[in-house]
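Note that the chains are named A, B, C, D, E and F in the order they appear, and that numbering of residues resets to 1 at the start of each chain.
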Amino acid sequence: MKIKVSRKEHFNAAHRLYNPAWSDEENARIFGKCSNPNYHGHNYELVVSVTGTPDPQTGYVFDMKVLSDLVRDYVTKKFDHKNLNLDTKYFKTLNPTAENIAVVIWKILREKIDSSLDLKITLYETERNYVEYPAP
Amino acid sequence: MKIKVSRKEHFNAAHRLYNPAWSDEENARIFGKCSNPNYHGHNYELVVSVTGTPDPQTGYVFDMKVLSDLVRDYVTKKFDHKNLNLDTKYFKTLNPTAENIAVVIWKILREKIDSSLDLKITLYETERNYVEYPAP
Amino acid sequence: MKIKVSRKEHFNAAHRLYNPAWSDEENARIFGKCSNPNYHGHNYELVVSVTGTPDPQTGYVFDMKVLSDLVRDYVTKKFDHKNLNLDTKYFKTLNPTAENIAVVIWKILREKIDSSLDLKITLYETERNYVEYPAP
Amino acid sequence: MKIKVSRKEHFNAAHRLYNPAWSDEENARIFGKCSNPNYHGHNYELVVSVTGTPDPQTGYVFDMKVLSDLVRDYVTKKFDHKNLNLDTKYFKTLNPTAENIAVVIWKILREKIDSSLDLKITLYETERNYVEYPAP
Amino acid sequence: MKIKVSRKEHFNAAHRLYNPAWSDEENARIFGKCSNPNYHGHNYELVVSVTGTPDPQTGYVFDMKVLSDLVRDYVTKKFDHKNLNLDTKYFKTLNPTAENIAVVIWKILREKIDSSLDLKITLYETERNYVEYPAP
Amino acid sequence: MKIKVSRKEHFNAAHRLYNPAWSDEENARIFGKCSNPNYHGHNYELVVSVTGTPDPQTGYVFDMKVLSDLVRDYVTKKFDHKNLNLDTKYFKTLNPTAENIAVVIWKILREKIDSSLDLKITLYETERNYVEYPAP
């Protein structure tokens, strides 16, 4: 049986929900206050989970220090204290909903983690709203 | 791959665990202090999770504002600041264990959410006791 | 300089806000859904804080195990899984607001803790509503 | 002895630390990534505390429903899903540090709450950074 | 459909990550500060989850009081306020990583819980590092 | 009026409560399982609070980044992943109760922070046990 190990990190970012194919009125109607033109922001809590078999030498599925460093180097350095729409290349045209942010983070980390290990992203936009990708 | 989105709400309610087919002694023996005849209560934390594919126009699996409104209109308005045994139609004869409350909430919301989307209920009776329906 | 030590306990109880000098309409008008006749309930989180000088032999201001036992024997045994209005002697005529519950707990514990030590009660009715007695 | 009652609310906002009297280099040197020109953001948790004597009729120091409505009408409606620097009148020239935001909120609410009651603001910018005004 | 019920317990323990087949230098290189020869420690939070069908008489999948007693008698009594490496029989040669501790707890409880019920262990070593066995 | 700013950090350590002037039996009688000879451990959460007047140029009472660095350099580097009794100079003869650890941390940081600013330490040994020095 396999074990799933998880590491929680965080980043603070501004964003705005916005579909450039729509008028401002349409964006306001669909996204409400989340489409405020001057942005708003969140303390995002990010859980990165890796599933595999523990190494018999170390007892680790994945060294949490290494996982934490990967997340910092490839994710939070790019997103922390940034405007997701303006300061990152990922959300120039892609709407930075929690769903889309989670998929972007998954794609970034999927390349850095051996394909024998499953990878899952859980992203808390607030304490009361969160998403998981891929869904269990 | 699908994404699971979750919204956390809460309600405060009184309840009593009680099987009307049993004597008071039997109820006390099985349910202990949870069967106190004058009720006790909890701050229930309710997580409603919906799994599907994000809409390419919005980037949403499900609009969290809409989900929050559904939960408020059909669940927490009925349960919040109520006595689950006496003030709701659901637990007149059904014992309001966390398990049964979760199933009742699932049935209520299942009718309101498109069947193409999976639905899951997580209910915290206390920080230390919680249930998930359906089980993963 | 003195040190303040705190111990967190909890109890789950039903209650109803109610002033017997008022009509039902008046109670409903003032207390709203908190006056639901069939009660509602909470997971109360109770923090008991004691301030004094550490004993040079033990390094303790107050043994947390002893404090925990005091709270259990004199407070949570009486309140946990009870209806505060009906099952306790304290709220037969006193309205069980968070303020009044905190004062009652303070009076109970004040008799059990040496008067050379300051005593303070913090009571969370929910994560978002709490009271402190005496006020700092 | 008096009782302190507290109500926790929240708002999500974008901001940028910036002193207009300084060059961009100076702002970057002093405020680091908190001065990102395109803003970043937070889930602010706001605790509003009122200290007084309970009303003998209600057992309340202050009706938490009324306090919650005051905070929503006069504070979170103005700050939630906004850019503090651009969308509010308070931080056009005042730097929106947690300290300054707390003082602004205190001044707004001080006018709405009877002067016989003490008022205190606690503002969490993140789980790990928070401020209290006035200091105890 | 089945329901999953969970009970959260905790224990405080010292441990050291160490592979006796390696030199001290190799242990220090691989496990870093987690291999400090004089140990360090954690407040472990343990979630025990049981999945099954509710008993129609009780509405319980598993009585949480019974589950809590099982965890206390067979797990936390052995691990709480102990040195996992020195004071327990389980980690004399097995490295007490979170992964291995979770598997040991699963094996202990698997014998005590009817095989018709699924069993899952979630172990938080810190708020930011946790493991689940078996992986979902 | 002054503002209090707080920064939360953490460290994981092993310790044992022990008074060398007493017999082992006496230590066991007074400190119970906290005196386990092979140590146990905790995830300590440390809140460092500084009270003063905001600098009109920055809007800061104290730069949280600088405070975080001070705590890391002078406190958590010394205590994190250590055995408090064996690996630090502070608790060779002083009993590492939460009270004494808080006073030691206060003395270390008091020398590093300008005397015009008040300093307060809050130390959580567990979620349910914590101490504050100096007491409010």
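FYI, a residue touches a chain if its C-beta (ideal position, glycine included) is under 8 Å from a C-beta of that chain, and two chains touch if they have at least 3 such contacts.
None of the values given here were measured: they were computed from a predicted structure.
Chains touching both chain C and chain D: F. With contact taken as defined at the outset, chain A and chain E are each touched by B. Two copies of one chain, chain A and chain B, touch each other, and the residues they use overlap weakly: the shared fraction of interface numbers falls below half.
Farthest chain from chain E, judged by C-alpha centroids: D. The greatest centre-to-centre distance from chain F, using averaged C-alpha positions, is reached by B.
Taking the mean of the C-alpha atoms as each chain's centre, chain B and chain D sit 34 Å apart. Separating the centre of chain D from that of chain E, both taken as means of CA atoms, is a distance of 41 Å. Chain F has its Cα centroid 28 Å from the Cα centroid of chain C. For chain B, residues touching at least two other chains, in rising order: 127, 136. If you check each pair of chains against the touch rule, the ones that pass are A-B, A-D, A-E, B-C, B-E, C-D, C-F, D-F, E-F.
Taken in their complex, chain E has these residues touching chain F: 10, 12-15, 33-34, 36, 38-43, 80-83, 86-87, 126-127.
Interface of chain F with chain D (complex): residues 1-9, 51, 54, 57-61, 64-65, 118, 136. Residues 17, 19, 21, 30-32, 94-100, 102-103, 127-136 of chain F touch chain C in their complex.
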